[in-house]
Structure formats: structure tokens, C-alpha cells
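Shared chain: chain A. Partners: chain B in the first complex, chain C in the second.
Here is the complex of A and B:
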């Protein structure tokens, strides 16, 4: 029996001060499946994404990747473990360093792990092509492109390490319909070809139904909430 | 195109070359003043050497004239000549002290902002404590502990002016640290050092450079104040503060010019630096930037 292939948040509890946001939540994202996450505003969907992305330490509970429990968060997580989970944030404006050109934005994770520059350039070109960024756009800084174009670049950045798990936190909420469809299609293709696990948060019920293999209701995922 | 033709061609050329818009004349004047001040004080020993200890007791308290542009003081020394050398000292002290303060404040604020938590609280309480003391008084203590010299004055000004820089750097880092693009960088595999050098410092450095520039006029005033109190450079050396102090005595005998030139120099030069720094600050602020169409 091989180790399980899933990203698991096991009985995770998170509170900010006295406010308990997640109370014993268990969510599993398997390889080769797309899980939709649903729940009312303020029920902790984004917090759950931050916990799964190893960016926020849960008060109780454990995150594990393919059966390997992860200790610590942020810088404390080994780089090869950290880069297996990627996040696509809701606001590309906030998620992009305003000083970097789109090319540098996509290349940054590769350069952070000392990839040879020739490989970086090749991979960036390949991904820019995949998400539909023209050569003209790639040299621009975030303030000179639209939200949709910037989110495409952020998607390319998220995929640059070929992550096993991709977490999309309302990643298409701020985009126009055609960009939304394109971004969703790129993610779906990636999920199929890489056998990746994808977690999708969206308020768009139609998108959720079309996109995900199964839907988890966060209100129902809590342990003792009846 | 109509106004192109009516504008004096030279002015138009100057404006287009410098990308100037009407209303920026003040910036140009400030730039020229500072240029003259810096170049003048750099070249002074070559073109207009001064014997600091020379006196001419047969020429005391002469009113401004063509031979003595700003008159002479009660020891017969040319006020304009000494003011140039006083400015040299003031600019040197101002620039070096501002740099010392920036480095110190940058390091303390950087550590507090990056580590956060207990270290941050400890360092910031320390900053608050020092800030609670009047900084001129603190500066006087520092000079009194050392021997009056250029180094002592620089130390005194530098060691009392790093607090605001530390606060700026700390708060910038604390707010930058929580931005999603830092999360994205960590998630992409960047380590602490990479995040600091690639995503945090580049955002902080322009503000830090601006804080340094804004501090130079303040440091110049501070040096003048120390010299005026007799705690700066040895009295025979020309410094703007020493000269204003010396001029006080002459003032009572009707020789008003002995304090006027050094005082005017200090006001004009520090004002020029402040005008340029304010312009720079406006460029950094995106909202103001939009208004100015930069």
C-alpha cells in the first residue's frame, strides 16, 4: 500500500483572538480531482486556503501532503514541500509585487530556488504562452496591465513549479467573463495533464457545478456544528 | 501649438529639457541654490583659502562693502569668507549625521519589523524611551562626554535622530510583511533573505532615502544650535553656529551684519534642501503623483 495521494487538513481549528473561524474542519483534496469549496461569507474559506497553503499555523489540527505531516508554516516548511502547493489569490493586484514586470513575476519562484537563467527564460515563455500573455504584455509592470492580464500572470506564476496541488481562492471573481472562462480552462487542463489536485472557492454556483468533481460545504465540514 | 510660439524660446527649451511644468520654478531655484552651495563649499579651499586663526584688529566691525561683502566681525575677519567655510562644516555634519542616523534607524527598525513579536516590542519601547527625552538635551550630554570636535558633533546629531527612521522602517516592514505578494513569494519557495532583499527592501529604500534627505536640514540646524551653545567646534574654527554666536556681541554695538550672513546662509540652504525633498516625497506618493501628472 503506497501513501495516500492527497492534501489533507485534518481537524483544523483556527481562531483570531476569541473569534473561532474554523472549528475542527477536515477537508481532503485528492490528486486528480477538483474540489469545490462552498460556504457563506466569513465562514473561513480563505483562512482554510491559507492553512492548506502552509501560510497560517492552525491552533489545532494538522496539514499533511501525501501522508507526510507538515510541521511549521511559512519559512519553516522545506522548500520542496512548500512548492508542491500553490495558491492563486483573489486579488492579483495585492498578490503581485508592483515593482516586477510580468516576466519577472512569473520567473521569481524559479529564481528563488536558483534555477539556471536559460531554463527560467524557457519556462516563463512556455507558461506565458499557456495563459495567453503576449510578448508586449510580458515586459510591463502590474500598474500597466488590467486585472485579467495580471491574474493570468499570477496563474502562470502559480504553475511555474508544477505544483501537485493548486488552491484557487475566488481567483476568477474579479475577472470578466471571457478571461474567467480562459483561466478556468487553463486550470482544468493543468489538473488533467498533471494529475493535480485543485481546490476551488467561488461564489459562482454555475462555475462551481461545472468545474468541480465534488463540492464540500464548509459549514458541513465542521466537526461539532449542528 | 499657439503658446509654443508665444513663449520665449529659451524658457521653452529649458522647460522641455528639464520636463518642467509651470509651478516647478521653485524646484529649479532650490536645485541651483543647492548646487552652488555644494560646489562652492567643495571648491572653497582651492579658490578662496582661509586662514582660520587670522585676525585683523585694524579692520574690526566694518560695514558691508565691496571689499567685505558681508562686513567684518569684531576680530576683523571677513564674514562672507567665513560663512562659506561655516557652510562647509554644516553640510558635512548634516550629511554624515543624517547618514549615521539612517543606518542606525534602518537597522533597528529593520530588526523590529522583520522579527516582530517580543523583539519588536522591546526595541520600540526603547525607542519610545529615548524619544521621551528632549533630543537637544540628549545631544548636549553626548557632546559633553566627548571632546568638542567634528566627530563629537556628528555623533551627537546622528545618535539623537535615528528614532523616526526606525519607526518608519518598522511600520513599513510590518505592513509589507502581511501583503499577499509576500505570501505568494514564500509559497513559491523564497527564503527570508530573498523576501527581504527582493520584495521588502526595494519598497522601503526610497522612503528611507527620503527620510535621510529630510533629516539633513534638521541636522544642520542641530549642529548650529550646538555650536551656538559653545558645544560644537573649537571657537576659532568657522561654523555657522559659532559665527552667529560671535555675532551676538557685535549686534549690541550696532554691527548687525556679523550674524546676518551665516543666518541667511543657513535659512536659504536648508530651505532649498527641504523644497527638493518635499518634491521627491510627492513623486513617491502615487495619489499626489496623479495630481501632478508626473
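Here is the complex of A and C:
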């Protein structure tokens, strides 16, 4: 029997305090497709990303990766499973450790799992090249590069473990048109060559239409409320 | 809330006949660092007329926000400015925003005559005051009635009940709308809006843009600084494209979007998802080491030897001159 090839949030319910943010939401991101997620502000898009990225434990429901149910969040999830999902967040300034050079930023997830240093260097060079970071930029720290350059470094970091699923939470909202097109092009190439599944969240309907293979409305993904 | 669909531009024909409200002449801004000098704005000329909505677009780091801060006298201490930016209001003396001094700016100009919607609302709001208190302070300082606060909230699409919250209790989009309300409160004749739509979803983006448009239709002027080209196309009368500290092309919105003449403007439009969705090749130059010739030349498909050595002409909005030695000429000019 072959296992299903998808990242699945199955009837996920999440609340903060008394407020229910996600109520029995089911969203499926298949391998080899780009799914666009839309919904009004505050409808729980970012919460869903946190659940799918194994950063937030849902109150009810389950996340599974290619049919393997995930128990727990963050470090409770075995490395081989958790590194199969990566996230690119909206604000690279908030996401990136300001003390690390871009090279170290990209390398950190590899070093965290004790990858040999020669392999780390090779892989970092390969990824920096993929996202278009020049040697001069790679040695700099976040304060000395632009938002666009930093977001490209964050993208390289997200791809460092060759994830099967990439979640982009408004990842291009802060970027100018050219950088947005660049980041989107790198992600689309990666998605095709690696047969990865990509979830794109954006308020920009035009971008969503041109980037995703299908669009899910989060308001419609919740089970009918009683 | 308005229900206008995004799509057809709702910009009025350019307010070309009215008097200039702001004339920027040869403006330059440099930052001195320990080991380098950053040229953030170079030899910039610009006219904004009463009733005009000017959008300034460009890649991040091209100097858009520095220009805004220069016009408000909000640059940090290591900045040197050259040139002039004169504000002409019908019933008061012209004032040069660059040379008139901090005292005059603080007492007479900033907020009242030139307003700013700052880029990051989270850092612009006093964290120990509720929105209502912040608005009341601003309104009182400018001699308006306190009861206006609710109406201002409604204008920017904020629920008046949310005015009783503290900044940390607001979402990014709500804080954005609050700083917009604060900038609008004194009813400045020139409003500089630096990325006023970040963090807002599409209906609220449209709502904010329509609000800025209405201000212009009532005779005020707005300079909209944005990386959102669709927003610029939707509401601006004219668009100035900025690249590496200079304006490279400035013209009517419709003309710019249908027939851009500067290769950079053209390449930037090609990056839009509903056009080629193709990034501008290469990286922008460092503002610490701008070349003597055209700064876009290394990335430009039309470059020649002239481009590297000769500075391009100064763009002029009215006759369509662009900062390029080899502008793109289209046969069918609309």
C-alpha cells in the first residue's frame, strides 16, 4: 500500500483563551502542487501555518505528513519528520537572528543536526547561489542588508534541509515587485524540481492567481458551525 | 466601507492646471558613516500640485523613505542635505522645508501643514496611551473638537470601540489605520504616506487608497510612497519611479503603466505577477558606491559605453524626459 503524499491538517481546532480561531479546519497540500490560501484578516491563516509547521499544537484534530500522524510540536517531533516542513515568514527582520552572518543563518539548521562542516559549506554555497546572494553579501549580518536580500537568505535557510513542504506566510508582502518576483521564481523552481508541496498565503489576489495551482478559502475550509 | 473593486484606475485626470504646492529643487541627502558616504537622494527635482496624488515607487533601499524624512526634517544627525523643497500654500508665506530649521518645522509645519503616515506604526505609537487619548492630544494641539475622534476612526476604517485599546492590543493593520487617523487629524495640506497599506487586507487597502484619493479631490496633495505598483496605478495622478537615489521617470500614471520609457520602469513593471512575473535581473548598486554614469546600466539590456561614463539627463514630468540615454520609444503612444 502506498501512503498518501500530502501534508494534511485534519479537522484542526485551535483557540487562544476563549476565542476559537480555527474550528475544525481541513486543509491538504499535496506534493507537486502550489496551494493558495486566502481569507480575511484574523481568520486564522497564520495560526494554520503554525499548526502545519509543527509549531503549535492544535486543541483538536491532527497534522499528518505523507500519512504519518505527527504527535507533539517542535523538538518533540523526530528530526527526520520535522525537517520535511519549512516556513518562510513575512518579516525577515523578525525571523532572522541579528547576530549571525547570512552564511551562518543559512547553515544553522544543518549544524543543529551535526552535519559535517564540509557538507555544510558546500550546501550553503549552493543555496546562496540559488537565491542569488553574492559572496560579498553572504558575510554580512542582517542589519547590513536590505529586506529583500535578508528574505532571500531566509528562503535559502528554509530550503536547507530540502523540505517536501514549504509554507509561505505573506512571505513577499514586504518586498518590492522585483524581489517578490525573484523569491516567487526561486520557490516555483524548487517546487517543480523537488516535487515539493507549497502553501502560499497572501492578501494579494493577483499574486495568488498567478502563483497557485488551486486556491483554498479558509472561511470555506472550516466545518459548518452549529 | 467602500465596496469599490480594484481594477480600473479611479484617478482623475492630472491636476495639471493648479498651482504647485511643493517644489523640490536639486535635493540631495547624504549619510556620513565611519568609512563611507551613503548617497540616499541625489539631485532630485519634483513638483507636487494642489489636488495631486503622486506615487513614488521603487525597489527597497532606493531612497524613497529618506526623501519623505528629508521633507519633514526627520533625518538623523549624520545626514547632510542640499537643495530646496519649498511649500507654497495659498494663504501663507512659502517655506523651505530643508533650510527653515527644526524649530520652525516643529512649531509651524510638521503635522499641521505637512503630515506623515510613518512606515512602521508599531514604533510610532506611544505605548502607554490609548488610541483615543493619542487622537485627542493631536486634535487638541491643533484646536479641533474632541468629538471628531470617532469620525476619524470611521474614516480610516477603524471601529471607534478599538480606540480605547492600547497599541499592543491592536493588530498590525489596526495600528496602521490608527497612525493614518493621527496623520489626518490636523488636516495637513500635504500628506506624505510612507507605505500606508502594509499589513492591511485587500478591502482595507482599497479603503485607505480611496481615502487618500478623496483628500486630493478636495484640494490637498498626497505623496504616496509604496512598493505596491497596483496601488499606485489605482489612485495616483502621476508616478515617479526611483532607482538608486534618483527619480528616473516621472509621468502620468496611465502613460507610465502602458508605455514606460525608462528601461528600469519597464523592467519593474515586468516583475508584476499579472505581467511577465520576472524579476529585474541583478542587484541594485550600493548607495555608497554609485557609478558616475547611469546607476541602472549594469542591469540594463539597452546599455552602451555612454551609459557607464555619462550621467543620464534629468527627468521632466511634463515633456516625458526620462533619466536614460536610450529611452524605450513606443510607436503607439496612448
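Convention: the second predicted complex is superposed on the first by the 223 of 226 C-alpha atoms of A that agree within 3 Å, B and C clash if a C-alpha of one lies under 4 Å from a C-alpha of the other, contacts with A are read in each partner's own complex, and residues count from 1 in each chain.
Methods note: a residue touches a chain if its C-beta (ideal position, glycine included) is under 8 Å from a C-beta of that chain, and two chains touch if they have at least 3 such contacts.
Quick caveat: nothing in here was measured; it's all calculated off a predicted structure.
**Student:** Quick one: chain B and chain C on chain A, clash or fit?
**Tutor:** Once both complexes are aligned on chain A, chain B and chain C fit side by side.
**Student:** Centred on chain A, what angle do chain B and chain C make, from Cα centres, as a multiple of 10°?
**Tutor:** Here the answer is 80 degrees.
**Student:** Touching A:74, do we find chain B (first), chain C (second), both, or neither?
**Tutor:** first
**Student:** Just checking: does A:185 make contact with chain B only, chain C only, both, or neither of them? Give me first, second, both or neither.
**Tutor:** second
**Student:** In the overlaid three-chain picture, which partner chain does A:87 touch, first (chain B) or second (chain C), both, or neither?
**Tutor:** Only chain B; A:87 stays clear of chain C.
**Student:** With both complexes overlaid on chain A, does A:14 touch chain B (first), chain C (second), both or neither?
**Tutor:** So A:14 meets neither chain B nor chain C here.
**Student:** Once both structures are overlaid on their shared chain, how near does any Cα of chain B get to a Cα of chain C? Whole angstrom is fine.
**Tutor:** It comes out at 8 Å between the closest C-alpha atoms.
**Student:** Could you list which residues of chain A make contact with chain B in one structure and with chain C in the other?
**Tutor:** Overlap of chain B and chain C footprints on chain A: empty.
**Student:** Mind pulling up the chain A residues that touch chain C in the complex?
**Tutor:** Touching chain C from chain A are residues 40-42, 132, 134, 146-149, 173-182, 184-185, 203-207, 209-211.
**Student:** Okay, in this complex, where on chain C does chain A touch?
**Tutor:** Residues in contact with chain A: 6, 58-61, 171, 173, 198-205, 227, 229-230, 267-269, 271-274, 277-280, 283.
**Student:** Which chain B residues qualify as touching chain A in the complex?
**Tutor:** Listed in rising order, the residues of chain B that touch chain A are 179-181, 183-192, 194, 198-199, 202-203.
**Student:** Which residues, counting only chain A, touch chain B once they are in their complex?
**Tutor:** Residue positions touching the partner: 50, 53-55, 74-75, 79, 82-83, 85-87, 89, 91, 94-97, 99, 108-109, 112-113, 154, 157, 160-161.
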